[in-house]
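Heads up, the next two complexes both have chain A, just with different partners, chain B and then chain C.
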Partner chain A sequence: MRPMIEDIEVRAREELFINIHPIQAAGRLTPEAMKAIISYGDGYSTCDRCRKPFRLDKISRPPINDFHVELAEFIGMDHARVVPGARRGFQAVVSSLVEKGDSVIVSALAHYSEFLAVEAAGGVVKEVPLNPDSIIAGEGTAQKIEEVKHETGRFPKLIMMDHFDYLFGNEHDIHGIAKVAKDYAIPFLANCAYSLGVMPINGKELGADFLVGSGHKSFASPAPSGIVATTDEWADKVFRTTKMVGDVTGRRFGIKEVEMMGCTLMGSNLIAMMASFPRVRERVKKWSEEVEKINYFVDEFLKIEGNKVISEMPRKHTLTKVDTTGSFDKIARTHKRRGFFFSDELKKRRIVGGFAGATRQWKLNTYGLSWDQIRYLTCAFHDIASKYGINVA
Partner chain B sequence: MRPMIEDIEVRAREELFINIHPIQAAGRLTPEAMKAIISYGDGYSTCDRCRKPFRLDKISRPPINDFHVELAEFIGMDHARVVPGARRGFQAVVSSLVEKGDSVIVSALAHYSEFLAVEAAGGVVKEVPLNPDSIIAGEGTAQKIEEVKHETGRFPKLIMMDHFDYLFGNEHDIHGIAKVAKDYAIPFLANCAYSLGVMPINGKELGADFLVGSGHKSFASPAPSGIVATTDEWADKVFRTTKMVGDVTGRRFGIKEVEMMGCTLMGSNLIAMMASFPRVRERVKKWSEEVEKINYFVDEFLKIEGNKVISEMPRKHTLTKVDTTGSFDKIARTHKRRGFFFSDELKKRRIVGGFAGATRQWKLNTYGLSWDQIRYLTCAFHDIASKYGINVA
Partner chain C sequence: MVQAVGCRPALRGFDSHPRLQCIRRSNLLVINVVGGTMKEKAVEETFVALFALTDLRQIFRDTKPTFKFNTEEKEQIKQIIERVRQSLNAIESELIE
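Up next, the complex of A and B:
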């Protein structure tokens, strides 16, 4: 039997490198969250003082109940719950609203976990195509709703759209889509996995009936962690409490919410979210500076001959898809390390997080880097280009 | 706005006290797990080297794939997955097997999360009553199946039974129930939340089609974490991969498993499970000593006049329900601190984890205490009894 524990490396890439991994940037723990997981790592650590009515979000020491109230307020919704990842938020909403054979409108860039949530409920996804700018807008959504109605005879049961998508990090027209949803009286879930926790988000202002966020993606929290929130109108549906009665014992567990499976996100992950919350609350106010930094970076990046940015320009998000087929990939074609030459060069300069070996289309994320780090990153790219004889304007 | 972070106390009860909390004992982190969460706390920490086919349980650095294989072997099943808590394991199995209106056989001591899993799928729980020894046996299960058939015209779709229940910590006749399940050809889920990780468990020997365990309850892991495992026969059903196709883009995510919502338990929780695994593997071999210790404790506990043990005797599990109505509760009735006098006295002696204020029926768990701690615990109970004039034999 292998002593597997020795194969678990000490992970130190945030300490030793500049990490531009597309999905890791905004999930790095704050120092407070790190302290919290050390203190609350043990299994049922949040249950020390669980009292009536015996539900996690009602616990007052540590102040889990206050956190739930303040979290809902922070994101402009009436009710919030924490769940093991955004996907469990999709699952809860879809499972509450969608019956077998029902249609759910999603984006042509929908995350796969949205597909799975619909599939698990027996529904069918109906994608809204991107407009020529690679954006989902209200118009396309309305058109798709009509098509679904025409094709199936019934309106879709839910519209689920990404605020920023996982592929390009493009901003989609949530306001326009929300307006269409309202016109058709179809409930609307805004997937804010890439926005809630990094920029100011107000669900009601967005026009969302449901808001989903990711702790490990954008809330400086450990995986799995996520947020699902809703309005007074929908809370009784999605956060409905159990009605099941034991036929022999007559037992009822009335306070437990069915879709939450009772108590939701427990333990160190929850306490870490709570511990990161004050900093998250502050950091969203500085989003415009994050956007400024990514735009500075891509402007410099585009000075390298052959480089392209596939995401919308100017950037509205730090997650960005680029194309280096006309630059670094040309080198890769004849280099003995192939595409790895590029990740090697970055790593030598203490930069990690690009997809190792990729020199055509790949993603990066500059969230949370300081201006010094951004400038260093920029220089590193120019430097590698120069080293291999690629022109830098 | 309240500086909520200052209200999060540093949790140190495992360092400063003997903790007899009923559900916390076997979820305390190992030192290895503690190191693991410090190293892997950041959100998507497990995804540094995610390569094709892009699924968590296929990642080889850290050795997540090996862990899955060895975990399945350790529990005597063909396939294992990690999930955010045992309840997400129930949900996955029930959602795969149960349609609206279907019956699911559960125990009269079923955990509420089993109720919720059935309710979420639109099913109905049918409880098997306890026999006079407060045990669920094969006989009662068979009888209940017949009743359900008689009442609804259809056989139940699933039998879901607790190996040890949450209330008494009694051992139920999993072998007998499994045999009945086989006779009726009804799939059988063994809920081993209180056994997997503390005692040797072999799912196939138990006759289970599905095995569910809890990381934060019994596998020395942070919450939420859990295990769901199955046989070759059922793997394609419960771990079925997505068939959904994007109608516009033609996108498929074929490798992702629907009930797992794609990638399952990520991040520090998973790595902590992996880090605790070698010790868990060893500690299950010492289960008989844990049983010896709880029996020593209850024997001494029963020397206090008026004390009772409600759980089956002799104890087969460290989780135990006791009744002190005839002893400490008599004192509580006239004490100015009421029932809190008892928790005060325990706390003075550096013992925590009983339900504060409870002096009638309450639960404790001695799992993981050393012999010295067990003897100290015993003395503390005798000492408190003597102090208040209760006879100790």
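Up next, the complex of A and C:
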């Protein structure tokens, strides 16, 4: 592929290869989003018709204001804002609720940006351990709350839990955790970075006070982009507007929301999100088929002698952690290319996205692949196994 | 180039297009329309062609890595190529001929 400009090459892997990268699958753009980027790539492109009261979510042309309303409705919350990534959503909520020394309950599989959000606010994370099935459950969360109370004399200020985690793609007991949060009257943030935009999500039905999603992980949007949403009860706190007055000039910027730093996701990232939204709304209805496809794939994958799936089974998510220590890693031990033989073989078959050189535990994601592509992928794994004398049942 | 403050763009729909340049000289704003006449049709057709090619890009994504096109996809590809060709013709006629 010829370079786009000087040493920046054209990225055409989505056009040329089946990409099973664990975190890239559901962030792949729709054609509408690609067109939006062509048209709205210039810096402040969303600001052409920014009129009073001069805030991103109030702009009516293009219909950014309507998008915010429809987005909140789509995810079953009262208010939504777009942010530069889920992490900025965590930060907005944590910064509003947590003060120095406060405890925040998180999962033992929490994303690192949840840690950073708590640290930035001066809080302390308290992790709920996984149960034997690698799941965070309501009981474990309640137990941790009691431990924190016993240890610090105070209840945690916030519970922040992942719907599906980044490591195994396992579904956690979000309803049970929400119930525990309610019982203890602790606000609850559901991290739906791996679910909002690929499957139907209703924040209020989940029992969430705050819902956070990722545009570039699961909403067919460019990075960085994300969503933070809340209920009427919490909107005034998290989306509070500035009260600051300049001591010399007396200037006020009353409409600007403090945690959003005024306007948030300006330009092509937002317009691309909006452009993808109609397709996202439709694709979540087909989540069961995506689950069917990953389960077909892992069933075939497990026919290769020595292969294992580390994630919960049957799969409830397309993000899946596998173990090929007993199969492809055995070949890697004596192969002159070591673990890279495996990625070489995949690439020869036009498959990319696995961690280069990894032949023990690694992750993949089949989201968005057609049945033809899933079957092709399956055959490719069988073919590589057969080539190296590994039994395929 | 100076931002076109106070200039009313002649090209509606693509307000920030670089063909409209405002150059500040001696506190006067002088509008310099590059090429003489606005070529709105050519600009519009450029986007139409780019969008059509984006649809082709999506077909590549949907059919990779074997690119075995079914009848419907072959028809879509034909339509895209024709659409791009029409746009290129329109652009050529606006800008060159």
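We take it that the second predicted complex is superposed on the first by the 388 of 393 C-alpha atoms of A that agree within 3 Å, B and C clash if a C-alpha of one lies under 4 Å from a C-alpha of the other, contacts with A are read in each partner's own complex, and residues count from 1 in each chain.
The rule is short, and it goes like this: a residue touches a chain if its C-beta (ideal position, glycine included) is under 8 Å from a C-beta of that chain, and two chains touch if they have at least 3 such contacts.
What you see is a predicted model, and the numbers here were worked out from it, not measured in a lab.
By the touch criterion defined above, A:48 lies against chain B and chain C together after alignment on the C-alpha atoms of chain A.
In the superposition on chain A, A:156 makes contact with neither chain B nor chain C. More residues of chain A lie in touch with B than with the remaining chain of the pair chain B and chain C. Once chain A of one complex is fitted onto chain A of the other, the partner contacts of A:226 are absent, as it touches neither chain B nor chain C. In the superposition on chain A, contact of A:376 is made with chain C only, not with chain B. Contacts of A:176 after superposition: neither chain B nor chain C is touched.
Contacts of A:14 after superposition on the shared chain: both chain B and chain C are touched.
By the touch criterion defined above, A:350 reaches chain C but does not reach chain B.
In the superposition on chain A, A:203 makes contact with neither chain B nor chain C. Once chain A of one complex is fitted onto chain A of the other, the partner contacts of A:38 extend to both chain B and chain C.
Residues common to the contacts of chain A with chain B and with chain C across the two structures: 14, 28, 34, 38-39, 42, 45, 48. Residue ranges on chain C touching chain A, taken from their complex, read 15-16, 47, 50-51, 54-55, 57-58, 60-62, 64-66.
Interface residues of chain B facing chain A in the complex, by the touch rule stated above, are 1-5, 7-14, 21, 23-24, 26-29, 32-34, 36-49, 61-63, 66-67, 70, 84-85, 87-88, 91, 95, 108, 110, 112-113, 115-120, 124-129, 215-217, 220-224, 242-244, 246-249, 251, 253, 256, 258-259, 261-262, 265-269, 271-272, 274-275, 277-278, 356.
Partner chain C is touched in their complex by these residues of chain A: 14-18, 28, 31, 34-35, 38-39, 42, 45, 48, 349-351, 370, 372-373, 376.
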